[in-house]
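Below are two complexes that have subunit A in common, paired first with subunit B and then with subunit C.
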Partner chain A sequence: MSQYEELKTTMTDQQYLVEALTEMGFNPEVQTDGAALKGYGGVTWSRPVQVIIPREQLRGALAPIGFGRDETGVFQAVIDDLDRQYGGLDAVWLGRVAQSYKERQTMAVAKTKGYIFRGREVVQTPQGPKVQLRFAVR
Partner chain B sequence: MQEKLITIEIDENGNSSVDLEGFHGQGCGDVAKDFRGGDAVTQSSKKREFYAQAAAVKQSQQRT
Partner chain C sequence: MKGASVPVVCRAAAIKQQSLLHKFPVLYRQIVSSYLESRDALRHQRRETLRNDVRNAVVDLSRRGMRPTLGSVSPLISAAAAKDWKLIHQEIDRSMRELGCGFGSITLPNGKVMG
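Moving on, here comes the complex of A and B:
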């Protein structure tokens, strides 16, 4: 039987998290007051999560994924252990979410501070793709 | 005049680093601070220009 597990992230901004998931092709639900997660066979995660990817959007997954704020305000990912082990919803997947989140956050900071966007490049490495964002000073 | 360029690299885990070209002295720290303020940069490194500027300041201080 599967069970939910919590995976640590450093993401704190809900807007960038939702944008990152949307960019990855999901249509996440936002539950401002938090909601419980319910997975395969009645498996539940009782701590409230604020961002949910419904199971139907996760091809072949047993359970929806949630992102819930911990006591310090940081989002932690809640993923079914079988989906993590066999469904590809693992640390690598979560790393892609974090990468996309960071890209959005960086673009927002650059815009706020008045830097001029000069381009984006994706560099393939043995560890995975790295995103390079270039800016110039006004 | 050389354009000041900032490259932010974001790895496959969402960790980021900043690389600066054309900056001298304190300008490096200001840029790193801008991006670190939004938690966008977790690592930063100083280029040769920074150390050249720092060495010039040190020499100037020794003369006085």
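Moving on, here comes the complex of A and C:
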């Protein structure tokens, strides 16, 4: 039987997390009070998670993915170990979520500071594609 | 054996589930994934059948001037449809709304009026 594992992230804002997941084509469920996760064969994660991607949206996955706040308010990803190891729902996938999250957060901060958005560019680096956002001062 | 569960596959192959998981984790995941996919598809199909059956039943009963209830609709549902009284109730409600039936409520077999 597989089991749930917790993967660390630095994401703290639920709104940007939900937007990032939506951008990636998911329709995440938000459980304000938190909910437990249940996977195949009675696999459970009892610590409450606030954002859930249902299994049906994760093609071929054995279990839903959850994002739950830890005691410091940071979201930690909860992913089935077989899905992580063999289903592509790994640290690289989580990195894409974090990148999309960061993009949204940066856009929001820039907007509050009055910066004008000038464009978005994907730059290829040895570490993989990176998104560069360009802003101008008003 | 496409769509078979892990216990069924393991019984057929005469191996333990734990052995399959530890020695062939990729295969284990594929079997589970395929099983879950086929189960989801079956559930979806049964729900669709229920929706169509209830809709037809509601149309039929309404034409005959009868109120569609859980008791009157249930016998008209085919064996391939999902069998869950809550789902049947939901589908009766949905069909009546979609078809604009003049009944404002549904009477359950126990006499309780809902809606």
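Points worth noting:
Just so it is clear, the second predicted complex is superposed on the first by the 138 of 138 C-alpha atoms of A that agree within 3 Å, B and C clash if a C-alpha of one lies under 4 Å from a C-alpha of the other, contacts with A are read in each partner's own complex, and residues count from 1 in each chain.
Convention: a contact is a pair of C-beta atoms (placed from the backbone, for glycine too) under 8 Å apart; a residue touches a chain by one contact, two chains touch by 3 or more.
Bear in mind the structure is a predicted one, so any value in this text is a computation, not a measurement.
For the composite obtained by superposing both complexes on subunit A, the positions of subunit B and subunit C are free of clash and fit together. In the superposition on chain A, A:32 makes contact with neither subunit B nor subunit C. With both structures placed on the common chain, the touch criterion links A:10 to subunit B but leaves subunit C unconnected.
Partner contacting the larger number of subunit A residues, of subunit B and subunit C: B. Once chain A of one complex is fitted onto chain A of the other, the partner contacts of A:130 are limited to subunit B, with no touch recorded for subunit C.
Of the two partner chains placed around the shared chain by superposition, subunit B is the only one that A:113 touches, whereas subunit C remains out of contact.
Rounded in steps of 10, the angle subunit B-subunit A-subunit C defined by Cα centres in the superposition reads 160°. Touch criterion met: A:1 reaches subunit C, while subunit B stays clear of it.
In the superposed model, A:72 makes contact with neither subunit B nor subunit C.
In the overlay built on the shared chain, the residue A:46 is in contact with neither subunit B nor subunit C.
For the pair subunit B and subunit C, the minimum alpha-carbon spacing after aligning on chain A is 26 Å. Within subunit A, not a single residue is touched by subunit B in the first complex and by subunit C in the second. Looking at the complex, you find that subunit A touches subunit B at residues 10-12, 92, 95-99, 101-103, 105-106, 108-110, 112-113, 115, 118, 125, 127-137.
Remark: subunit B residues 3-16, 31, 34-35, 37-41 touch subunit A in the complex. Contacts from subunit A toward subunit C in the complex involve residues 1-2, 40-41, 55-56, 60-62, 82-83, 85-87. Those residues of subunit C that touch subunit A in the shared complex are 6, 17, 21, 25-26, 28-29, 32-33, 36-37, 40.
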